[in-house]
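Look for subunit A in each of the two complexes below; its partner is subunit B in the first and subunit C in the second.
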Partner chain A sequence: MNDLSGGFTDPPAQSANAFRAILDAMARPGRIVTLDGLGRGPAPISAAAATVLLTLADRTTKLHLASSHDHVPLRDWIAFHLGAPLVAAEEASFALGSWAALAPLDRFAIGTPEYPDRAATLLVDGHDFDAEPVKLCGPGIRDTAELALPEREAFHRNHARFPLGWDAIFCGGDRLAALPRSTEIA
Partner chain B sequence: MTDQAYNFAYLDEDTKRMIRRAILKAIAVPGYQVPFASREMPMPYGWGTGGVQVTAATLLPTDRLKVIDQGADDTTNAVSIRKFFQRTAGVATTERTAEATLIQTRHRIPETPLTEEQILVYQVPIPEPMRFLEPRETETRRIHALADYGLMQVRLYEDIARHGEIATSYAYPVEVACRYVMDPSPIPKFDNPKMNDCPAIQLFGAGREQRIYAVPPYTRVVSLDFDDHPFRASKASHDCAICGASDSYLDEVITDDAGGRMFVCSDTDYCAARAERGE
Partner chain C sequence: MSSENAQEFRRAALGLLARAPAARLAELLDALPAHELLRAPEIGTVMLRGRAGGTGAAFNLGEMTVTRASIRLDSGAVGHGYVQGRDRTHALRAALIDAMGQDDPAGVEQRILAPLRAEEAARRAETARDAAKTRVEFFTLVRGEDE
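And now, the complex of A and B:
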């Protein structure tokens, strides 16, 4: 029997707290937030990524597991706690994986000119927040901000097609940061 | 049934997740109206059903909530929404702008400058700025996709041709982050400059029209205008009759049936705080 523990024990309060942390990160790119009241899932998913899934994903959201995270214990945990249908990258509204496993990125939905909101959100797990930071500017940022990114070029290209593009949430341990498509890589 | 029979902040968790996903996409594409599956709320459309849903999905048990209606904390709409969240979420409330962590507003932005620790939730009746110029949703969607906003400039130009100035005084269209033209909800145009480079997160909810949109902090919000007819944030040219403020937006109050009238601050908290300090 797989370990299915790690769901929220007090969903309304825990998901409200987690959402405000995610909102804060998405609205202020570069800000690294530490979550408390965490959910937990089986390895390799980080507590932060498990918390984001418990807060945002459910049976109405199509989820793609990249090869780094496509393991039976995690599939079972997702089926039990979220019920999210697991789909191919092209159909996903959320995608979970390490940066390397999420490639190639042109598989993910970037929305349409009429509906730019129909774009994927990438959950980049196992993110190294202490790597060399790059400079960011754009909505949500007073002057400039800094954030460690797994690479620079992909985010630069993603911003270039604004208002289309995917959005990224970086997770590692109990911390997360976000980079919406609106952010310019300086 | 007791109030505890409701989930925290009234809405069920499925609904809150759906609204939260819409809010995050709205933040990622500033000024773009994200469709969402608006729920029926225990209040009529026009009473802030969109704002209430956004507030419910955003609220923390530890938040301190302020609700204003046209600047006032003590009018029916503000009182009933404040009570709604007191009962269903058990949150603390306040009338002081500076003490609030989440402010739901109908048609005003508080005079007291907002901070990074605050979220402002607007109640929006008609989220589509082009709706009165182009009734077809398919067409307004294309207008936004192509950023083809010439029609709006023509509307403002016709104002000038007819009245000698841009007569639009509320719901004055803005351009957000150099891309989308957005309806700021029916706030007086006096408030428009407060949206620009604001440290707080600004969220907009339209319940009947099923749209959520957002302006992230420190985002460029520009009121549309012309080089030779620049935007002016206008107000009644009086001082407040109660607190004497010359820098706040004023309501005209009729005092008798013989033409008597006075001008008072629309922001009741701002006015009361000034009067208390004896300014």
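And now, the complex of A and C:
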């Protein structure tokens, strides 16, 4: 039996709260936000990543599932709750997967000089927030902030081509944090 | 029941449930069975499209208000209900009966669908009878011009 449960029970309030939380995380890189009013999806998607998708993705959002998350129950769940078209990595505006499965990262759109907003947002699921933190600075950070990253080099290279580049949202359990391309890895 | 028959049964049942008056549905399914809401009843619109003209190009006739709901019974059966209008309980009952019909087609057919089908046939016959009163039959007397 497929499992379609876990959508928002009160979509207006829950999606507004979740949107605010994602906005906070994006505006303050390094801040770890704990979501309440969570959506849930079939394994392996975390509650935080499911909530981000329920909030940000719809029928017009091109979504790429990396191999770690490309399973039939999750595809069914996405078809039922979001209706988002599943596409190849090159076309995606959102990509969902574990950090290892998302590689190689040069597949994802980084925008164009005229339209830097046409870049992908990576949803890095199953993130370990308790790993060794890295120092961050840049817009939205007063002095420095700290966040555990799966690796350093990829984010360093991504920032180097600012204003182009992808953005990342890290999800694990009911927590999320974000690292926009504007953030510098100290 | 083969999967094709089962699909045809569901399709017919969902049409019947959508066309039935909400109040009548409430009488036939008074107590709602235990269920989990996959998609709480929500109101929206769907574009009605038809084919107009000789080329068969799609034509947007207009939008219709629709309420839909999706539920799962404790047995695991998933039911969907789409009904015209803004009646949330109507959509919810349609979804519940759709799911119940997957578990026990014969019982649902007997308790709910058969009465609805009979009433719908009666409604249609009555409309046809009313319309028949206004029918005008034309006939032509032989005028003898053709000879």
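The criterion applied here is as follows: the second predicted complex is superposed on the first by the 186 of 186 C-alpha atoms of A that agree within 3 Å, B and C clash if a C-alpha of one lies under 4 Å from a C-alpha of the other, contacts with A are read in each partner's own complex, and residues count from 1 in each chain.
Keep in mind that, in the parts below, a contact is a pair of C-beta atoms (placed from the backbone, for glycine too) under 8 Å apart; a residue touches a chain by one contact, two chains touch by 3 or more.
For clarity, every value in this text was computed on a predicted model and none was experimentally measured.
Per the definitions stated earlier, placing subunit B and subunit C onto a shared subunit A by superposition produces no clash, and the two fit side by side. Of the two partner chains placed by superposition, only subunit B is touched by A:A119; subunit C is not. Looking at the shared chain after the overlay, A:I141 reaches subunit B, while subunit C stays out of its contact range.
A count of residues in subunit A touched by subunit B and by subunit C gives the higher number to B.
Contacts of A:S5 after superposition: subunit C is touched, whereas subunit B is not reached.
Residue contacts after overlaying the shared chain place A:D58 against subunit B, while subunit C stays out of touching range. In the superposition on chain A, contact of A:F80 is made with subunit C only, not with subunit B. Applying the stated contact rule after C-alpha superposition, one finds that A:F19 touches subunit B and leaves subunit C untouched.
Annotation: superposed on chain A, subunit B and subunit C show a minimal Cα-Cα gap of 10 Å.
Comparing which residues of subunit A touch subunit B with which touch subunit C, the overlap comprises 11.
Note for the complex: subunit A touches subunit C at residues 1-2, 4-5, 7, 9-11, 80-81. Listing the residues of subunit B that touch subunit A in their complex gives 7-9, 13-14, 16-18, 20-30, 32, 34-35, 57-61, 141-142, 144-146, 177, 179-180, 199, 201, 214-220.
Touching subunit A in their complex are the following residues of subunit C: 36-40, 42, 70, 72, 76, 78. Contact residues of subunit A toward subunit B in the complex are 11-13, 15-17, 19-20, 22-23, 26-28, 55-58, 60-61, 93, 112-117, 119, 121, 138-142, 162-163, 167, 180-182.
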